[in-house]
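Below you'll find the structure I mean.
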Amino acid sequence: MNNLIPLFVAIPLGIAFIIPMISRRIKGVAAFLGNVTMIGLSVMSLVSIGKSGMYHMGGWDTPIGIDLRLDGLSVLMLLSISIVGFAATLFSTRYMQSYTSRHRYYSLFLFMVAGMNGAVLAADIFNLYVFMEIASIASFALVAFGCGHEDLEAAFKYIVLGGVAATFVLFGIAIIYGVAGTLNMAHLAMKIGNKPLSNPLVFALGLFISGFGLKAAMVPFHSWLPDAHPSAPAPISAMLSGVLIKAIGVYVIARLLFNVFGITPRVSLVLQILGTLSMIVGVLLAIGQWDMKRLFAYHSISQVGYIIIGLGLGTPLGIVGALYHLVNHSVFKSLLFLNAGAVEYSTGTRNLKRLGGLYKTMPVAGSTSLIASMSIAGIPPFNGFWSKLIIIIACVMSGHYWLGAWAVLVSILTLASFLKVQRYGFFDSLKISVEQIKKTPPMMALAMILLAVLCVGMGFFVITGFDSPIIIGPAAESLLKGVFVL
Amino acid sequence: MIYSLCLVLILIGLYGVVTKKNIVKIVISLAIMEYGVNLFLILIGYRNNGVHPGIEESESFTHFLAHSVDPLPQALVLTSIVISLGMLALMVGMCIRLYERYGTFDITEIRRLRG
Amino acid sequence: MEEGMSLVVKTVIRLLKGFILLFGVYITAYGHVTPGDGFAGGVIIACAFILIFLAEGKRDSMKTFGETAAREMSCIGGLIFLLTAFAGIGISGIFLKNFLPTKAAARFTLFSAGTIPICNIGVAVIVAASLYLVFSIMSSLHVIVKDDEEREMINRGEEIE
Amino acid sequence: MEHAILHIILIMMIIGALIAIETKNLLSSIISVGAVGFLLAIMFLFLRAPDLAITQMVVEILCLVILIRATISRDLTAISGGREFFGLITTATLIILITVLGLKIFEDFPAFGSSVLDRVIDAPAKTYIADGLEKTGSANIVTTILLDFRAYDTLGEITVLFCAILGTLAVLRRKARKQATEEDNE
């Protein structure tokens, strides 16, 4: 089992190095290899459910070498990365045909997946930084992949802010190293965890929260997301909004706060404030948008707010809710972006004012988007309802009535804005002539159906225990265990 | 004192990133920020009267052990230099393309997206 | 610019390029003994090729080191490193294990550090090839938009070849 | 004495950085940033990091070549002046905040020149120095860390480089989208 852990990183890396070499000789091999790799990774992460372990790279002991740590939370992240990634590659096979040099696309895609997997498995903060950079650099290039005006502008904004975030994180790592003299998370937790933080460490923590918060697009740092996510090709938007902002943003914040620094009331308060701000600002900005993908992108900010609030509560139920919402969001938001991509592919536009009546002409995209919209708006019995319910109950139970009230209000506004999407986009009368609408290719439909089935299916996770559903329970447990022990 | 000067270098970079209009200048400012952080890491590893962390043939091992500066930050900075070189190449590529599309390096004119 | 720089420059470069390349190779090969490692060596090798590129012009330099070759070399460099890592699994069961014998006694010779020189070579190859590649692409992309009319053409999606 | 030299070089770097950011001409700005980079290399030499000095030097040359190549014969006219007013206010607050915080932090920070090796008993860096040669056979401890103890980071590092170059090639490719009728010739 343990030997499986480095392969999560090594396999996508190896394939990504091979693709540019052989794609000139064999036609269509890039798409094939991309899909096969993602299937393989999905199988590997399914196999590792319920497992845990440490892997010592190069056989060196803990503080000397680099470790990889697999626990409940990493498994949860790996699962969502590989399944959403598989749906995205499946979608890409047809969608990316209008772009040139697709082998670079698949290679960069796999680098991004490898980077996220590496960041999720890392048990060493510098290693985390390196893999975060792999994932982000691949995503910068992928956002600009279309080379249009908007793509380049958004990508430039993204790369500048990403560079600033990376510098902040590196500065934080430097300060921590100067104080504690080690980089391994467990070793670090032994030295600084659960103790009152000295001034340099508080500064380092602030740098980490702003750096990773920038990657997670929390509100004071969100300005890149509404440009970057809509400008990317649809499968990439799905990956960015679905998993990237979580794997190198929210996940890292949770990992560092709970398992390395130890969560204190003051840090909780900061998280609650940031989460509430993201939730409210995101939804208020979303509601006026007419560009479908831009609207979804703003909702990503808002939904990340829910996750941060759940984490900020610090109670077991809050964390379960947050992690449940994290996976749910990665499924339904990537589904929504794939829907938008399918609509754009078929009609050539994603402006809601010019769309309408697509429910009849594009039944697959229409019905899956209905499922996803109901999930994100929190309509029972879909998965989004349960996770939001858990977060709201956790708010109320821990005495934060106002947070609960805001969460309910934001949920209503979310419902309103998705009613708008459904009404103007899918139910209204048809504004474009039927002949102009291309049929949805079967691969795209398959990808969307896969995610829609997951959307429905994950609603039933809650049956396995309200306060510890399968897969999510162990993940929450690994955060609740407190700081790592060596 | 020297740490504070290093922080000033980083902040100059940050100032440039936030206020400058020319996209090449933004790239340059980011490079300056990276320099500052790299320097900070190496400053942390410095030891008074240190020697460089490579064993010379003529050097006694105990002397090396007592005086070698911290090698770990140097390895980290090597990695980070490579990463910033990669970032720079990608950013310059984007700058060239942006210039081709918009005909200017001015970020206030590169504005098609709202918000 | 088309045919490179003047004859003086070309002659000097012709004399110098071997030394620069040799220096890069030396830095790489002795990375585990003296300061400098595969990355620095790779950059020096890339700089040698860039010098040739600048002096002799694109057409001639592409004969010595073409774009396709650079592209494949950079992949090969990454694969050298990765295969060494995988060989660690195959031979001693651990990813990235230094599986070759290491001899601390023979510490100032070339073959003393197990897999370290191999990894160094991999790093140097990928760095040299990919930096040369990016430079050549950036220089050969001479799209200098002359006037607004041409920009309009680009904006409409027409490509200027 | 040595500390004084370090301070002087660092102040020169700061001046260089200010010139690089504030000067009107783009080319002189790039040259100034090159000067800052070379000063950084000298600084590395003084701080007993010859590996880094070599690397910084060659990387700086390459950066300059790339930057000049990118900007030459393009728009070198001055685009100066700040962005909007709001941006300036946020910057000012941010910078003041970080400065105040930063100065407060360095009061508690271990003094310059006392490295981790002297302060932390079980620091991994100690093992690297003491056992690095014995365990890997490489006399250069930095290479030992890069390619053996923390080789996984280096794998990540070359991946970052390759990925960035691949991204650059993707961004700079001649034609990004195909016409609908075009034949697929990958």
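Lettered A, B, C and D in written order, each chain numbered from 1.
FYI, a residue touches a chain if its C-beta (ideal position, glycine included) is under 8 Å from a C-beta of that chain, and two chains touch if they have at least 3 such contacts.
Quick caveat, the model's predicted, so the values are computed rather than measured.
Colleague: Would you mind checking which chain's C-alpha centre is most distant from the centre of chain A?
Modeller: With centres defined by C-alpha atoms, farthest from chain A sits C.
Colleague: Does A-B or C-D have more contacting C-beta pairs?
Modeller: Of A-B and C-D, more C-beta pairs in contact link C-D.
Colleague: Cα centroid separation between chain A and chain B, in whole Å?
Modeller: 28
Colleague: Chain B to chain C: how many Å between their CA centres?
Modeller: 22
Colleague: Would you mind pulling out the distance in Å between where the CA atoms of chain B average out and where those of chain D do?
Modeller: Chain centres of chain B and chain D, defined by C-alpha means, are spaced 2 Å apart.
Colleague: Which parts of chain B, given as residue numbers and ranges, touch two or more other chains?
Modeller: Correct list: 13-14, 44, 52, 54-55, 72, 76, 78-79, 82-83, 86-87, 89-90, 92-97, 99, 101-103.
Colleague: What residues in chain C touch two or more of the other chains?
Modeller: 34-35, 37, 39, 75, 78, 82, 85, 96, 98, 107-108, 127, 131, 134, 138, 141, 155
Colleague: Quick check: what residues of chain A touch more than one other chain, meaning two or more?
Modeller: Residues 13, 17, 20, 57-58, 126, 130, 133, 137, 140-141, 144, 147, 149, 152, 155, 177-178, 183 of chain A touch two or more partner chains.
Colleague: For this assembly, give the contact graph shape among line, ring, star, complete and other.
Modeller: complete
Colleague: Provide the residue numbers of chain D that touch chain B in the complex, in ascending order.
Modeller: That would be residues 3, 6-7, 10-11, 13-14, 17-18, 20-21, 26, 29-30, 33, 36-37, 40, 43-44, 47-52, 55-56, 59, 62-63, 66-67, 70-71, 74-75, 79-84, 87-88, 90-91, 94-95, 98-99, 102-103, 106, 109, 112-118, 124-125, 128-130, 132-133, 139-142, 144-146, 150, 153-154, 156-158, 160-161, 163-165, 167-168, 171-172 of chain D.
Colleague: Please output the residues of chain A touching chain C within their complex, sorted ascending.
Modeller: Contact set of chain A toward chain C: 3, 6, 10, 13-14, 17-18, 20-21, 24, 55-59, 149.
Colleague: Spell out the residues on chain C that touch chain B in their complex, using ranges where they run on.
Modeller: 34-35, 37, 39, 107-108, 127, 131, 134, 138, 141, 143, 145, 148, 151, 154-155
Colleague: For chain B, which residues are in contact with chain D within the complex?
Modeller: Interface residues on chain B, with respect to chain D: 1-9, 11-16, 18-22, 24-25, 27-29, 31-32, 35, 38-39, 42-48, 50-55, 64-65, 68-72, 74-79, 81-83, 85-90, 92-97, 99, 103-108.
Colleague: With touch defined as at the start, can you tell me which chain B residues reach chain C in the complex?
Modeller: That would be residues 52, 54-55, 57, 78, 82, 89, 92-93, 96, 99-103 of chain B.
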